[in-house]
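Structures follow.
In what comes next, subunit A is part of two complexes: it sits with subunit B in the first one and with subunit C in the second one.
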Partner chain A sequence: MRRISRLGKPSGARLAPAARPLAPLGTPRASTRPSPTPAAVKINTLRFYSSRQPEPLPASLTSGGKSAAPEEIVEEVEVQQFDHDQSQQQRLFVPPPRPSVAERADTITDTLYTPATTAEGLESIGGLGSWWDDPAHWPETSDFVGFKPKQKVQEPVLLEAAVRRALTETLLMKQLGQEEQLTGPWGLQGKAQHDAVLALDVRVDSDGNATVTGDLHAVADGLVVKDGESNVDSADVLPSTAEALAWKSQADQSWKGTSLQDARLKFAVIKRVMQLTGQVIPDQKLADIATARGLLATLQKPPKPKTLSQEIVAKKQDLVTLPNVAFSPKRVTRGDKDQALGRYKLIEAEFRKRDLQDGPLSVPKSREKKHWNGEA
Partner chain B sequence: MAGKGARGLTEALRSLTLSTQSCGQVSSRLPSTFSRSMATEATLPRATSNLTTTSMTTPWRPSPSVPVTVYDFQSYEPQRLEEWSSKHLHLPMRRDILHLAVIFEGDNTRQGSANSKTRYEVHGSHKKLYRQKGLGRARVGSKQSPLRRGGGKTFGPKPRDFGTGMNRKVYDLAWRTALSYRYRRGELVVCEDGMELELPQEIAAMVEQGQLRDQALVDGFKAKWARQVLDGHEWGRAHGRSTFITTEWRENLFDAMDLVPNYGMALDIEDVDIKDLLTTGRLVVEREALAEMIQRHQSDLCSKVFINGVRPSPPETGKVIVE
Partner chain C sequence: MTIRALEKISVGQNGIGSFILQCKRLDIHYCDHSGSSRGMNAFIKTHLSKFAQKNPAIEFAVSPRPRKHPVMIGHYINGRQKSICVANMEPSQILKKAELLRDASGDKVKRVNKPVTSINESVRGIWSPYHGNGMAV
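Right after this comes the complex of A and B.
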């Protein structure tokens, strides 16, 4: 199946070092990365490829439908139809058909034809502003997907599995001497690859240096995606929670002591974790991460609650469960009290009768005053 | 006697100075426990800490540099790791200086063109309206009198400059403090140079060939695409909007951000001021734009005075660590 890139320029292509000098403030680069080969460019756009067939054209565009139209117009419609059919196979987005112009009234030879004088009975179809909101014109498969997966992984056990996988993959690439590959994008292989990586043994010595043992080459081959190889949907990249829990109960935990002091190793691991889970580590936390355990703790720390009520529900259950305390996620207004008493419906009905208030009762006093005065 | 008193004062001051002694010495002079007069049940704070002796004796030195990840713009793929000076991106928070700077900018942005006419500028004759006496009416002068309808305004606004001053070095410090504040909160995203919203090839080709003739169609596409990109990176409306800063005007990015103001804004480097740096949920900055902003705002770091024939250089920044 042919794959079409959704982005103009893939990220890898824009990384060519010669074409992108650093800004003057920076010092010269410490090392230069080789410019990516055409194959590498393709690898870079992994998430920008669609693996599904684009949906067929909507019925309104495919049917000819204008049997009574004059011959010339029918011909024109057919030509347009042909254009659409031809390109339909490759289309990710369906643009509107070319506008067709009706024949002028004075050039029509049909004697029975009487030109309309009013627009009555004509259907109003509106402009093209909302054309792309129709899933037939912009199918879900054409949506933007970046380096991160669409869904962020937040379950601690899945994060642990992802960190272990990323760490093992990075270590083995380093062990095999593929230093250049460390910072490049890697392929997203499915669960089989995940299991194969986790099956490898990671031994950590007292200094935090880790060694991976097992069939390294087989796993490394899966990481470096060859040209034309298929891209697995990111939903299948990590195991299910139950599988991850089963893995965790049996796994040796010593791998968490692996040192991440090597900046290159740390960068590669964090980049891979981002690709697998969608978790971004902010820069100011990078310096504090010294081991795999530290990285895991940073990832597993739950996000700060956005509201006070969220925080209370999450952390202060003793307050919520107190018998003499009522907890409400929002401010309790007079409207809420009336609702609890069952009086709200009656008040609303009375208001409606008098044509006074249309909205909710819980409005600020200033606006309420307006309602009393009979204003809008 | 006086000399003894002065010596005693000096000694007392020296014992209070933290920089002249290690933390261990300080803690040894502090009382071991605090007494509390209130009858509370809370445990008393302990003066002895769990820190090891080595960490207590070695003074804390802040790191001279901080790591910065440079991302590819549209895909958000990390491309390399750099090291930037702490004096550029890791300054302590100074709310007072930021406040001064924002007020200073606001003052200097005021147009100050409000204008009203005094009695001498209002058009018309200055003749006395009617005679002083004999009519039984109040005495009047000209019809431009501020007391009369249509008359002049007594102390009305006149065009003026509301601008205030601020020391250049303080303003520059405020600028870097604002960037540091963003960095510390993880709200500074540095992207590769040439940041531009890239449309899918298919659509870009159509736009180039003029196949999408209706502007509403192009705008609709750009807006939806920008929303998807920003939502995908958690930069959008649900995550507090984003400010994009580039070195120059970029057509797709700036057009799209104008179309989706709920998702943020895009600014040329010339348009940015400190208030913009502090406004939205995060800054998405081109690397070159960040370097340029810092270079323009480090007057407090690099003196103009030559010392021994050499001008002090600004701190080294933007060094690539991992690529």
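Right after this comes the complex of A and C.
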């Protein structure tokens, strides 16, 4: 017995016009859109660089122009050349120079040439050396930027503004008959677009059906991304908290009653919310969301604290402030107890004298320790 | 001149004059994920605040101990420790154990098989075969 009714075939099943073909693996392709993160949220671009000194290039890469490579290899390398403009070039990583290929032994006409029988004395060729250790060869702007912002928007009022925007945009696309656009990628415009969308009036009837009134075409034009165009105009996708609060104090709240029973509508709204805020609704919660209010409640629900100490710090300040109660968020180790007593420094000094321990006592000889020392 | 010891006038007893709680510190360990710590986590959230307020003489040290059963360890002023595993217990049961640790003296648990115990010396004194009239056998 089938218990779950099947969804109808989505009207936007075909590829959206803005969808680009996937780049072949290894082909340097510019990420054509910068971060969709709102201004209030900073992307955590923590990258680790090698501390090794850059070495000179291997011999096979130094004589780039005088290549004696076979035709097919040259062609393959040329595929990897950039055909982007200068502004995009700066955002890409810098590929190593074209490799040179040695002449085959059987094609050498020089009579004095004798092939080597051992590797001794031969110069080493091949490899990229320390090319990628140089940060200038792969700038941060060449990092992959995904559909979802890396950092989630958690502020309730910003989430409310984002849901209202996503809902309005989805409704107007549906109202204009562009249902195939519901599954396509939409542009991320700046604050002006956000204000224009929120200025549209959403009227909801008793059945939860909503109608958008206003200049729909102007907003819809900004949403649709033309093929090959960047879909981001500004990094400030969402307003600041103060602006969102000002909007909320004046806005009519009836839009929250909009029904999301239509699966295509719900998908488009949730997709857009994900693009704007980085919040992903887990599958098991999708079925429970029936209205915009339900979606908002799901998004605004603060995440469950992962540990008891986090929960106590957040909710039980009376317990934390008691003078005779001490909370430790992490396991109290033998080293911590020694530190509390002031014995730790003495133990370390004695170990150092005997050349027995070169790091902190609390750290076991683990893989992490290797990583800290820069080992593989 | 014979040397005479000072006569003992009184025996120091805790609670006569002043009372010093023997338990000085209570370590409370829990695990964030294990099911056996569910009662302990609830105890920390619901009962510990009131219990700590009522017992300001005891230092409470709460810290996680991942992948281990929840434990309460009482430290006493005689240098000894007493630990109780409170795995799978309800918060009210754990509160009883905390009270037990608080009220304990820290001494080893001894078997008491006499009806009366006293710290006072016997009024009769210790029996000696060289004193008294002797007994005709």
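Simple rule for what comes next: the second predicted complex is superposed on the first by the 189 of 376 C-alpha atoms of A that agree within 3 Å, B and C clash if a C-alpha of one lies under 4 Å from a C-alpha of the other, contacts with A are read in each partner's own complex, and residues count from 1 in each chain.
Everything below uses one rule, namely that a residue touches a chain if its C-beta (ideal position, glycine included) is under 8 Å from a C-beta of that chain, and two chains touch if they have at least 3 such contacts.
Bear in mind the structure is a predicted one, so any value in this text is a computation, not a measurement.
Greater residue coverage of subunit A by touch, when subunit B is weighed against subunit C, goes to B. By the touch criterion defined above, A:117 reaches neither subunit B nor subunit C.
Judged by the touch definition given at the top, the superposed model places A:148 against subunit B, while subunit C stays out of reach.
Of the two partner chains placed by the overlay, only subunit B lies in contact with A:93; subunit C stays clear of it. When the two complexes are overlaid on their common chain A, residue A:328 makes contact with subunit C while staying clear of subunit B. Applying the stated contact rule after C-alpha superposition, one finds that A:249 touches neither subunit B nor subunit C. Residue ranges of subunit A in contact with subunit B, taken from their complex: 4-9, 11, 14-15, 20, 22-27, 29-33, 44, 47-48, 90-93, 95-96, 127-133, 138, 142-148, 150, 152, 183, 185, 263-264, 267, 270-271, 274, 280, 282-287. For subunit B in complex with subunit A, the residues that touch the partner chain are 63, 66-69, 72, 74-82, 90, 183-186, 188, 192-194, 198-204, 206, 211-212, 214, 216-217, 219-221, 224-225, 228-229, 232-234, 287-288, 291-292, 294-295, 316-323.
The residues of subunit C lying in touch with subunit A in their complex are 30, 32, 41, 44-45, 48-49, 52-53, 55-66. In the complex of the two chains, the subunit A residues touching subunit C come out as 306-309, 311-312, 316, 318-319, 322-332.
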